[in-house]
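Okay, so subunit A shows up in both of these, paired with subunit B first and subunit C after.
Right, the complex of A and B next:
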């Protein structure tokens, strides 16, 4: 009897153990599959980057047309060529130029856009909505539409071949994307804080500098990071306005290695591309946490 | 990137349209003397790579030894970017004083009155005595000398000797006919089929507009009319494309998928096709990209094996109409065009020097030797000026390439090719 009682119990145990085992096996199987898939996707996504890195160690004529990653011969020669600079201009000059423009852009955008955003978000003045619409409208204008008029204006002002055309707008809050981003952020801050300050006798400058600006830090960091990366990677602006290789930025210098009509040094270009990526990567890693936090607070995507 | 390209092209077109509103420069009394100690500042822009920049700096240092007080502010860009930047400047009437021009763009800019007529300086500050008339004619637009060629080259067929040796195929002959060329391509294909990747005879040789110009020249036909329209009809283009139809349809040309994969090199520069049709100067590029000095060069085949060739200006120097230093600019053009020392620096990388003195000054590199050897061999066959290319030519040449790629992919047939080419020309040439 006891045997007959025990027997179904053991059977049930055995069955449940088998089921558990099968479930675990299925889980393991699924997990292995998932990881294999994820790794395969990773390889596809990372391949171009790795290809670029490895190509920077290959001799120039082995780069185009070869999908293989491993360099045969070569070595650091490309980096030596890249660091030598172009046309008698040192590599570091290009880095410095890019840094000056990037730092200037960040400074200009933080100063001017935060002020403009404060005015739009907190001050009441005649035509505010109209100005706001105008500002948003500039975001809709494709860049190519304004190139010519802009070039003519800067040419008349004698500012060609200086950094002014690339920086002036940044100090005048013409980057409406950042103004808009900051307006949205300030609108999210409780008005009670301003009102309390007003009761204590604070005017607009005081409210801006003592209350709004410190609270805007996430928006400022986000803007700074985007402004830096955009300026660092900007190619078209410097191409149009800078007329001397001594003033060129990294993206312009990068292109000088490859010319369809004469011989191209792809190796040096790859090496320089890697070197040009480093500052942006470092900047990104240093501020990564703030960037993610900043984007999350803005509710911005991408 | 792909989305910015059409936008950039559109912008470029708009810019030149705007430039047209600016009108030409004010007439200037051309000086005949230029004292070596004259003070001036001029801007000078060219396209090219790092190496060319080094050479240009050396050449300008030589210029400054002769004219120490003329400061030359230099700038250079890669080929594609060069035209974006120049088009914008043209719109703002702010072209650099002296600039390098390409035959394909010369007419377009000159028609808008953007260039100074250098004819006024001929015999004075600008010496063109050593230049062939056929060559100077290619820098002349509307009876004005707007571009002085720094070098010249000619249409040619290049072959990769290493590759042919490896396959055991003899080199192509100088007086090949088109039928012989077809047989030759098939012969290389057969010998190269076992290689990995397979080696082909050539990419489809109807793929570029200069090839069509060469074919027209053999028939003694014009390519463009005096007022800048096409001097050929749809049937001519279709016949030309069909001349290679047999090989194309049978898949005997270097596969287009592979050409696109190797872009910007293509089959020949990638070392996977034996023949290449291009201007003779490009042999330097071929040697560098393929990584060999063993490149041979002969005339491109024609129907009967005889050739009519033209000296094609490979690079021209122009002076902007908006310059406020026309005399100093003309002196710089003269120096760069004629100085044997400058020719010695550049070799044939800007095209073979147009003057005998200039060519003699060049210490020939492997590629110079091939180029000069070829030009010498065909000297008696250069009987024509390269046709003056109308404004918009650059876009038409690009369109030809684009359409031809679609043709090779089988997306369009030769009829559609012709139709689209002509509607593009209607728009651009007016």
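Right, the complex of A and C next:
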């Protein structure tokens, strides 16, 4: 067999070798074309983001209708205006509110989802498969079907205009995406590790906290990044539950700002929009590999 | 320990062991279980009940039978919302997935720079749903905005007052463009799928004289079908739930001329502006049934076009 491989004799093998050589040549030539095309896509993709960034340095009346990216003047004036805050509430109040919610939701999701994921991936108990199907089904469920009763209950409990409605679900593992992501990760860990621990007399709590949880670090990091970004960008939840501007998160404050400022002051709006997006962008630049990797393996939506 | 020596002992011990295993399992699962029962399953049943009532949050619900559902059929706003959302799903999702697949195939063939482009193309998916981007999108399309100006260079039609934002015929294309712009997430998933396709298959097909089109339909599509199915299902369900961008761009009105009155927007208006909780619940359940039927249809059809590795074809 090995001899026929060294000396291609059949017609098929000769053709195969020729095609491969041609493909290699095509690839080198194609690489220039590839980069030209890929860069063109990149320009289209990034244009809105770059336009937004550049607009934030332009005077307000120069933004709409200006294709040009370079600001002619204005400098940091827009940012100074945006940082003045809205209606007597400091800009930093909104940042702090958003940070509190994001930190709370990261903590809640990491705790509750890792516990649930361990139960689904490593434990045997009655009803596990049924619950698993339920968990997957909630991923496909439009969330609108639960918001009305949830709102009614939180209203009865006097929790409107508090952060409870926005955080409670995070501590109760309602975001199935993260449970699923962690299940997949735990399933990939060698079972010998827990079996050895069982022989040593360890129970599930010990196995979870001292073996699985430390090994889950990559999945926890990916989940934390997504949890932070989703919480930071969340608009619908805060829109429903937060009524008082002092409680507003960045996206709500941004909307309030756009409503209140005259349309001519696009510059400050852009500056504020950039500031609202800044933490997400920083996370993206710092953790792009984990983010893209998380999407690739789990199909998470951004 | 004494009864383990009797004949029935081991059975009892095993039973006790199983009960303890159940207990430990439920202990770990309890946060999820409480959340599922209290925040998902319970509310679902509650909203099903509410959908048969008249309830305004302040006085107790009054049972009205099927009245809410009957009203939906004659509510022109509801029909408009259903139409706008259907158009958005039907056009937005396939275009977005086609773009994602095309770019994924392009990137897959690259030898260098794949990682860089992949990350960069993914960025819009991460920020596209934010209020910030909705504001930027609006600024780009409003009045004599840059989009209208670039369009004019290519001989596009004159912008109506307010630009695309003020033209009921162009708000939907504008929002579809916004979702297509976020093709990065499905693209990343396609790329991961393409990595699983063995290169030798393409080489073998090429040797046998299959052209690029034939190779695409006979190798790429079947081998990628599980990923295609996954993306199609998730993107479709996702598209039904568009809210933020439409809400911000229309200034919370669903306008102009109700052209951005998406399903979720109308549901929000009915439930949280007019406090017609019963009516909004009926809307929510119609959405659940529609999305459920579409998912079911996709799952059913998948048997004929999705091939999992190890399947007999």
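Throughout what follows, the second predicted complex is superposed on the first by the 235 of 302 C-alpha atoms of A that agree within 3 Å, B and C clash if a C-alpha of one lies under 4 Å from a C-alpha of the other, contacts with A are read in each partner's own complex, and residues count from 1 in each chain.
In this text, a residue touches a chain if its C-beta (ideal position, glycine included) is under 8 Å from a C-beta of that chain, and two chains touch if they have at least 3 such contacts.
Computed from a predicted model, the values in this text were never measured in an experiment.
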Partner with the higher number of touched subunit A residues, subunit C or subunit B = C
Request  = Considering only touches as defined above, state whether A:151 meets subunit B (first), subunit C (second), both or neither.
outcome  = both
Task = Name the contact category of A:221: first (subunit B only), second (subunit C only), both, or neither.
result = neither
Message = Output check: A:271 vs subunit B and subunit C. Expected answer is one of first, second, both, neither. What do you get?
response = neither
Request  = Go through the superposed model and pick first if A:125 touches only subunit B, second if only subunit C, both, or neither.
outcome  = second
Message = A:243 in the overlay: touching subunit B, subunit C, both, or neither? Say first, second, both or neither.
response = first
Inquiry  = Quick check on the superposed pair: does A:134 touch subunit B, subunit C, both, or neither? Answer first, second, both or neither.
reply    = second
Query = Counting only touches as set out at the top, which of subunit B and subunit C does A:171 meet: first, second, both, neither?
reply = second
Inquiry  = Under the stated touch criterion, which partner chain does A:64 make contact with: subunit B (first), subunit C (second), both, or neither?
reply    = both
Ask   = So, A:101: does it touch subunit B (first), subunit C (second), both, or neither?
value = neither
Query = In the superposed view, which residues of subunit A touch subunit B and also subunit C?
reply = 64-65, 142, 144, 147-148, 151-152, 155, 236, 240, 255, 258-259
Ask   = Mind pulling up the subunit A residues that touch subunit B in the complex?
value = 60-61, 64-65, 86-88, 142, 144, 147-148, 151-152, 155, 160, 236, 239-240, 243-245, 252, 255-265, 268
Note = Listed in rising order, the residues of subunit A that touch subunit C in the complex are 12, 15-16, 19-20, 23, 27, 30-31, 34-35, 37-38, 41-42, 45-46, 48-49, 51-52, 55, 63-67, 111-113, 115-116, 118-120, 123-126, 128, 131, 134-135, 138, 140-153, 155, 168-169, 171-174, 179, 203-204, 208, 229, 233, 235-236, 240, 251, 254-255, 258-259, 266, 269-270, 273-274, 276-277, 280-281, 284, 288-289, 291-292, 295-297, 299-302
Task = Please give the residue numbers of subunit C that touch subunit A in the complex, ascending.
result = 21-22, 24-26, 28-29, 31-36, 38-44, 46-47, 50, 57, 103, 106-107, 109-113, 117-133, 135-137, 139-140, 142-146, 148-150, 181-182, 184-185, 188-189, 191-192, 203, 206-207, 230-231, 233-234, 237-238, 240-241, 243-244, 247-248, 251, 264, 267, 271-272, 277, 280-281, 283-285, 287-288, 291, 295
Inquiry  = With touch defined as at the start, can you tell me which subunit B residues reach subunit A in the complex?
reply    = 7-8, 10-11, 14-15, 18, 43, 45, 47-54, 56-57, 73-81, 84-85, 88-89, 91-94, 96, 261-262, 264-265, 270, 284-285, 288-291, 349
